[in-house]
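Listed next: structures, encoded as structure tokens.
Both complexes below contain chain A, partnered by chain B and then by chain C.
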Partner chain A sequence: MAGLELQRIEKTFGRTRVLHDVSLEAGDGEFIVLLGPSGCGKSTLLRIIAGLEAQTRGSVSIGGQCVDDVPPPDRDIAMVFQHYALYPHLTVRENLAFGLKMRGKPQALIKARIAETAALLEIHDLLDRKPRELSGGQQQRVAMGRAIVRKPKLFLFDEPLSNLDARLRTSMRVELKRLHQRLGTTMVYVTHDQTEAMTLGHAIVVMNHGRIQQIGRPEQIYHEPANPFVAGFIGNPPMNVFEGSFRLDQRGLEFRAGELTFRFPFQARDLIDADTGMATLGVRPEDVTLEPQGSECIAITGTIDLVENLGNDSIVHLMVKGQSLTVRTSPGLRLPAGESITAYVKNFHLFINEKRVPLPSP
Partner chain B sequence: MTNRPVLLGGILLAVLGSLCPFLWFVLTSFKSQINVEAIPPTWWPDGRLVFYASALIEHRFLHYVRNSAIVAGGTTVIALAVATPAAYALARLRLPGKTWILGGLLCVAMFPPIVIAGPVWQILERLGGLNTHWGLILPYVSLTLPLAVWILTTFFHELPVELEEAARIDGCTTWQALYKIMLPLAAPGLFTAAILTFIYAWNEFFFALLILTDPERQTLPVGIALFQGEFITPWGELAAASVVATLPLIVIVLLFQRGIIDGLSAGAVKG
Partner chain C sequence: MTKSTQKHTTGWLMAFPALMFVAVFSLYPAMDSFLLSLYSDFPGPERSFAGFGHYAELLQDPVAHQAFIVTLGFVLLSTTLELLLGTGIALVVHERFRGLGWVRAAVLIPWAIPTVVAAQMWRFLLNDQYGAVNAILFGDRVEAYVPWLADPWMAFGAIVLADVWKTSSFAGLLVLAGLQLIPEETHDAARVDGATAWQRFRHITLPMLKPALLTALLFRTIDAFRVFDLVFVMTQGGPGDATQVIQFYGYKTLFTEGRVGYGTTISVTVFVAMAILSLFYVRTVGSKLLQREPA
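Here is the complex of A and B:
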């Protein structure tokens, strides 16, 4: 049974269309992450799933049931908001109880659920406090508690960690993952943070300008980005992207972007014939090494512009024939700025007409 | 802070200036008849309660208090009952011409009462509302609504939409979200609007004089104004009556002081 199914969702505000033909399916118990830059429509999509916003066209099903005409209170969902949205005039206990009370659940059950949830999130000590007496991290826990306590069919998270400081964010992320493993409920999680997306999601839905760019498992999104947008959006530091054209000669295939050329030791006639030759070539910083490699790598020479030391590794910015190339490398290499160095590229991503084209292996 | 004394002096002056008349009639109300008319005037009262006795018992002043309480209370309850949903809608819904509605309300509040006195009287005459309490409550409600709507709209506007959405997802209908979540949070705004409305209705003189000619139904301000006899002005009784008229307002304002201050400073600081 599908936990959540969206069919051809469209949304327009006045004349602006913010969602174009969005379809996706999440299996029961799956953790789906909607990832994209701000304004890409991911939050609107979440609100449509919640019923807080009505779609202009298309259909939403939760747990196999179409909920297009079902108002939010009856969709059996719970949502965690970016700013937590705890009821300020109620204690933590009353906040947790509110949804159950509204649904007319018996006192005994409410009490038991609150105890269970408080134990799970370790918020016993906070139950009699008001939200303003809590720290940001504690408020976050309570907000999650308010969602969990209802045992809904579907959890929705709207950038729940974005208001926390970096350390707390990391620990809450781990807890959230643990929580999902324990509850096994379908979750939809909106974020613009790729680390959250990669670590939490079974599947990531990358969105931009109201369209789905790619749906895939995290490693798929990372290793086989469907288009230059996904390639550039996922990965930190971002992928090096070169716009240029292909040329074929006796020695093989040559990609030229301005002064910079990459020579591939293979022929791929079908690649070239299909198009005008214009293409985008992507190189992940972690696919470049500064240590000498064999002939399966393509070597290019440049000068060191800048080195950022991150502790466990370094980000080296090279200038190669007027183009910049970012390299992720292990620290400890002596890399004085201005010095000439040879970089070895292990792997390329090729996009023609904004679409991924698998490169033949050498 | 070198200008602290200056500031304090200014505050003192403002407080004294506005309290002066009030102080004078409070003092007067406790004097005896001889002292009230003494020349040169005496400052300190001789601690008599004769004027209170005379005002409350002989002149049956308490029934004016009762009438005022009915009219002011009724006005406040009805005005808030209408203003709350209106303000909520104006703050939350995507209404076309919202600014015009709010601006229009403000314009309505600006008419001098004399302009609408004629029509109001005619309407009430046809409806049979002259010399009735509801006949006075009706125009009071329409005159206080703009202010109440404005105050409450500001308040609802400041409350995060997310709270309401959370309530919806937690199982509330729109109405339940309004009265279970939004109203308790807008309490300072409700207090402010309620008290300003109440004070207006309690103190209003012009329409009260126009609409209520039967002494049995008249409100406090009219009662006090028509208190004077044909040949003498009973200053002492007037002062006692004025104290009695002001006292409820002071008690209410003191009781809800915190709420009002929160309400009047809304928008300055985030709630």
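Here is the complex of A and C:
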């Protein structure tokens, strides 16, 4: 049982508090992704798990054991750094051997482990080269090899793919996932890239301003964002967000954001009772369609402002009563700018007081 | 005129001021010194061509040999100590702590003091009758006072000490620049990899510091070989010839004894030795510096 447990972690640097009451748990073999914008505290949290930084309050347990007083070398963890942090004066082989050597492992075991790791990552040809003779992708592989070779209880990744070009990042992402499936070791992965988070994680921990915003499975984070921040951070293009208020009358429920109104064909008394005034209504671009739909969708009319063709689909920017609405649609449609068009919204997200409120489907 | 020769001419014209500067201030004095060293000692209408006679004399001169050995000893000892101490200083100053700015400034003060002033200060401190060193060590027991600069070994030690005191911080500055090039992540990686503080220093910091250490070594050896002012002020080469370094011997021969030919011969020899040493450094160390690993 080599999971990870963080209990009420707090961290302050001088007078600035960078982590507030962070608690989370990862089961043995789970892949946890810490996701958030830069400066949200995710890297600091990772460094606290590694022991490179001491938490101000709270406690870290690895494999059921509290490691608060255990220095990094004795935590049995491995870490892959953003800039790889390979030892430039050592060959790839020596880089891989370093950790084992420092721990006084026998030569035969070191040799066997290096061979095993090199085979796993297909880096045999690089073993006698120095890091400066490697490409970015190769350095990344060696950095991962240096982590794998020690067979630690826990892997920590600090934005390991952020220095690679887009194509390489995609292929390394797949490889990383495969690697996790093969090793089955608990991994904690820090990134600001939602695609990496969605594709790699069993669970995603969304962070902002040093606080956990939501913990959940990727599909949960996407479909049921806990608050407007998560809703806006996950999804590309980002969710359309409207600030406004609700009103209830005989015909049903009406949401008003400036000139723009959405009329819901249901009576939601509980909802309106909970309402204290202002609310946030979110609409994912992929939940809007420009093809005529039945009455289960809410129709709104606007003018086409701009169309971005992405090949497999198009992003259409509409202006609806002074508000912009982004729509993801199939690229076949002819959409001249300035023309009036009706959009059909299939699904809404509602947030009141910064908290998600489930809406009955329209 | 073809286009390429025109370009060529423009190039030479552009380089002309710099070339003139080098020619007037470096090349001409060096060549003239060399010519002087080929003539008899006393300049004037009656001077005669001596060929390499002075160089032959230098090879046979026991005082010159002694001076060379003293210089070599000085270079080895002071450079080693300065690099060790400099690395120590750099490691301390590289850490973050309260009052760091003051420590950095304090460390650099000796380097900022002119050598002649520093030498005068050390001579004063080490004076056998009113020097602070004796006063601190022995207080009122005047009979125990040590004539530091009158003993051959202690005088030599005093010069090394003064040089180490004065220039360690310079070596430290160069090493510090090297330390700051090592990314924090690399240290973190080594910590996670299980290296102890000593192992990290031995296997990560020190090897990655090599270019900086070699640069410091280069500067310090060449500088130490040219030592003159410390000896001039503190000991005048004495007692006996105990602290007579080669440059001082050359100076004495030329200006005190007035032997222009032989004096310049010594200078030219030191110059050539330095040129060879620099060339050797540039070839070996320099090429390594140029292909240093990216930080």
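Basically, the second predicted complex is superposed on the first by the 359 of 362 C-alpha atoms of A that agree within 3 Å, B and C clash if a C-alpha of one lies under 4 Å from a C-alpha of the other, contacts with A are read in each partner's own complex, and residues count from 1 in each chain.
Assume contacts are C-beta pairs under 8 Å (C-beta built on N, C-alpha and C of every residue); 3 or more make two chains touch, one makes a residue touch a chain.
No experiment lies behind these values; they were computed from the predicted model shown.
Superposition model on chain A: chain B and chain C are shown in a clashing arrangement.
By the touch criterion stated above, A:222 is placed in contact with neither chain B nor chain C.
In the superposed pair of complexes, A:103 makes contact with chain B and with chain C alike.
By the touch criterion defined above, A:132 lies against chain C but remains apart from chain B after alignment on the C-alpha atoms of chain A.
Within the superposed three-chain model, A:348 lies out of touch with both chain B and chain C [touch as defined at top].
Looking at chain A, you'll find residues 50, 52, 71-73, 77-79, 81-83, 85-89, 98-99, 102-103, 146, 150 touch chain B in one structure and chain C in the other. Residue ranges of chain B in contact with chain A, taken from their complex: 160, 162-163, 165-173, 176, 181, 184-185. The residues of chain A lying in touch with chain C in their complex are 47, 50, 52, 71-74, 77-79, 81-83, 85-90, 98-99, 102-103, 130-132, 146, 150. Interface residues of chain A, counted against chain B in their complex, comprise 50, 52, 71-73, 75, 77-79, 81-83, 85-89, 98-99, 102-103, 146, 150. On chain C, the positions that touch chain A within their shared complex are 183, 185-186, 188-196, 199, 203-204, 207-208, 210, 293-294.
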